[in-house]
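Here come two complexes built around chain A, the first alongside chain B, the second alongside chain C.
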Partner chain A sequence: MVSTNVTDELRYVYAVCRPLPGPLHADLTGVADAPPRQVAHKGLVAVVGSVPARDFGHEPLRAHLEDLDWLAGTARAHQKVISALTTVTCPLPLRLATVFRDDSGVRAMLESENERLHRILDRIDGHIEWGVKVWLAPGADKAAAGAPRPSGPPASGRDYLRQRRAQRTAGEVAAARADEFARRLRAELARSAAATRLHPPQSPALAESGAGRNVLNGAYLVPRERAEAFLELIGRTEGSQPGLRVEVTGPWAAYSFTDDPDDASDDSPADPAARTAPAGPAHPAGQRSAERA
Partner chain B sequence: MTTPSRMPQPFGQEGGTNLADVLERVLDKGVVIAGDIRINLLDIELLTVKLRLVVASVERAKEMGIDWWEDDPSLSSGARRSELARENAELKRRLEQLEQLAPGRGEATSAPAEVEERGSGEHERDR
Partner chain C sequence: MTATEPLHTREIALVDLLDRLLAGGVVIAGDLTLRIADVDLVRIDLKALISTVGENVPSPWPTAEYEYGTGGESR
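Right, the complex of A and B next:
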């Protein structure tokens, strides 16, 4: 490989923030065990770490991204820094592995992307993100939903088919109930959130074993001062539907709300439930609601 | 059952967060800015799609000593390289057959360029 010593360190950028109230925690380390530091330019701060070119140059990075152990470690280190930043500000997280040659490259980015970054920071300022998932327990769409489980083997082929049909119908009922529950929860949460994004359902294989089917995978941008109230809202649904489990993750930095508010062709799906919901109580999200309306 | 895996305070405890949830956000969300080191995002998205299918089991599978994804071309550059080499050899062999069958025909003369283009356009081969 033709690499010179001059470029043996690159800059890994975690996030862009408004100017921080103070220095980062001295003990904090991120990707490649390097302590993150600040690069300021034109009213923005990039939080960067030095990383070795032998791991983050083009070819090694490509190879590393396909190494699941490396990817998992890097993802957790990335998130650790973002999470530390959320204690002091509302960081705008960058996609994993955004790498520049040097600090001046980072400053050039803060220059060229200045307006877009400010627009997104305006939207997420004072907010955190909750992840809300609804799981339909495995088997709930088969035996549950009130269908009596047949005792003993079917007496005849016709009995067998009848049992099968009853099970299938019960499954459809359970699935329909789950969808209805998710729809109502979505509408309720959308009223209390500044913005909503629906993500593709997570594969059951992704989750804890026995998690079942993911019928809702949403992200909610919530004002910090209402973060607890938002959780209580979800808590009230507890136990209201047998076979359904609501899982909350976070609080995250606003990972899911990093599309440009000015970009009309934004392809991140907002929750359609939010459209039919009446305007929520006053909170600093007017621009978002107005734009989505 | 409601299971808030994290309360709003304190921020900054990531130890218990599910790897799948972390990957979903840091790989799939977050603002995209073109850095100096440009990785084709399509590659990452392909990887992410595969991760959706397998990643949950990765930690468990590793414990059990299963590493089947290392032979999966879309998850392992090593497997992809060997697959490309095999494909390339196969293409060359078929090209030679074509040339022998039709030495004077136009199609045959355009074929080598295609194979060459495919070969040099693949970054994996350059490493």
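Right, the complex of A and C next:
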């Protein structure tokens, strides 16, 4: 073991948890290949790793974040520690690259943020997060959807315009059907989840090639004992809509549910539905029965 | 279904990971006051990055604001 000057090292914090039932796995490594360890204070445990200041100080970190390879490696190392924690507890993950000067800084944070962290841990206790995405197949909103495919090249300019119009209308039909499917799925999943968050739709350019258009990118906080049942609910929709694909990611630690439950905004009637289904109503109870009819 | 596989043995799509690591997770100001906790900064840097990769590649974040749901759907 090479001893290093403590001032050259910073503390990278992965998560805050309730006291763990035992030590972390000895072989586990995280960001900067450093083994994570526990810093306990007032009923909370911060899972931290030592990281070099030359990479995680303010300026170098900013520079690194411009480097997608570095960002990807760091994100995967972060996630590796979080997923190891999820096997023994329900960790509250911190935003990527939360860094402190030393252990006493971490303890001071556990002190000053104690109540908020306890409130969030209370909410996510016993839960996991599923990601649910709905994709509209590429081209499904351009052609298809019942539009007669042109059998050959248009014979005239008028034919061309007619074909274009038919394709455009078919695309609108497909898009509307996709939004309607996403709205119903969302309503159904929300009933089985403890909480719901909608992420912005993913760019097709960054998703797998040929993924199509992302019409739903939701996160669902689900009690562990209902995790499988939640998947079955999604499984039942599989193939029910041509051109639409449902993708599930997870189980995740509750990354998307880390806002303060005491925060006033948590109970506001803001409509997250507006992003993916502008035409749809938020979620009035009366609409649900109509949707299901 | 994937749920029974150990988490760490699967390669998670980077875009899904960043959805959570850059927009999710509890935000706590580190005592170095790294403004990296500020998602706007990260996003701007990433936008710059992505625009250098190819100008036809749109940002993964199509809007200026992260508008999180509020859990209202389940209430």
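Definition applied: the second predicted complex is superposed on the first by the 258 of 293 C-alpha atoms of A that agree within 3 Å, B and C clash if a C-alpha of one lies under 4 Å from a C-alpha of the other, contacts with A are read in each partner's own complex, and residues count from 1 in each chain.
Methods note: a residue touches a chain if its C-beta (ideal position, glycine included) is under 8 Å from a C-beta of that chain, and two chains touch if they have at least 3 such contacts.
Values in this document were obtained by computation on a predicted structure and should not be read as measured data.
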Which of chain B and chain C A:195 touches, first, second, both or neither: second
First (chain B), second (chain C), both or neither touched by A:96: both
First (chain B), second (chain C), both or neither touched by A:237: first
Which of chain B and chain C A:68 touches, first, second, both or neither: both
First (chain B), second (chain C), both or neither touched by A:152: neither
Which of chain B and chain C A:186 touches, first, second, both or neither: second
Intersection of the chain A residues that touch chain B with those that touch chain C: 10, 13, 16, 57-58, 61-62, 65-66, 68, 71-72, 75-76, 78-80, 83-84, 86-87, 92-101, 105, 109, 113, 117, 120, 131, 199-200, 202-203, 205-208, 219, 227-228, 231, 235, 248-252, 255-256, 258
Contact set on chain B toward chain A in their complex: 1-8, 10-14, 17-33, 35-39, 41, 43-44, 47, 51-58, 60, 62, 69, 75-77, 123, 127
Partner chain C, residues of chain A touching it in the complex: 10, 13, 16, 57-58, 61-62, 65-68, 71-72, 75-76, 78-80, 83-84, 86-87, 92-101, 105, 108-109, 113, 117, 120, 131, 186-187, 190-191, 193-203, 205-208, 217-219, 227-228, 231, 235, 248-252, 255-259, 265-273, 275, 282-283
Chain C to chain A touching residues, read off their complex: 1-3, 7-8, 12-28, 30-32, 34-37, 39, 41-42, 45-46, 48-49, 53, 56-63, 66-75
Footprint of chain B on chain A - complex, ascending: 10, 13, 16, 56-59, 61-63, 65-66, 68-69, 71-72, 75-76, 78-80, 82-84, 86-87, 92-101, 105, 109, 113, 117, 120, 128, 131, 199-200, 202-203, 205-209, 219, 224, 227-228, 231, 234-235, 237-239, 245-252, 255-256, 258
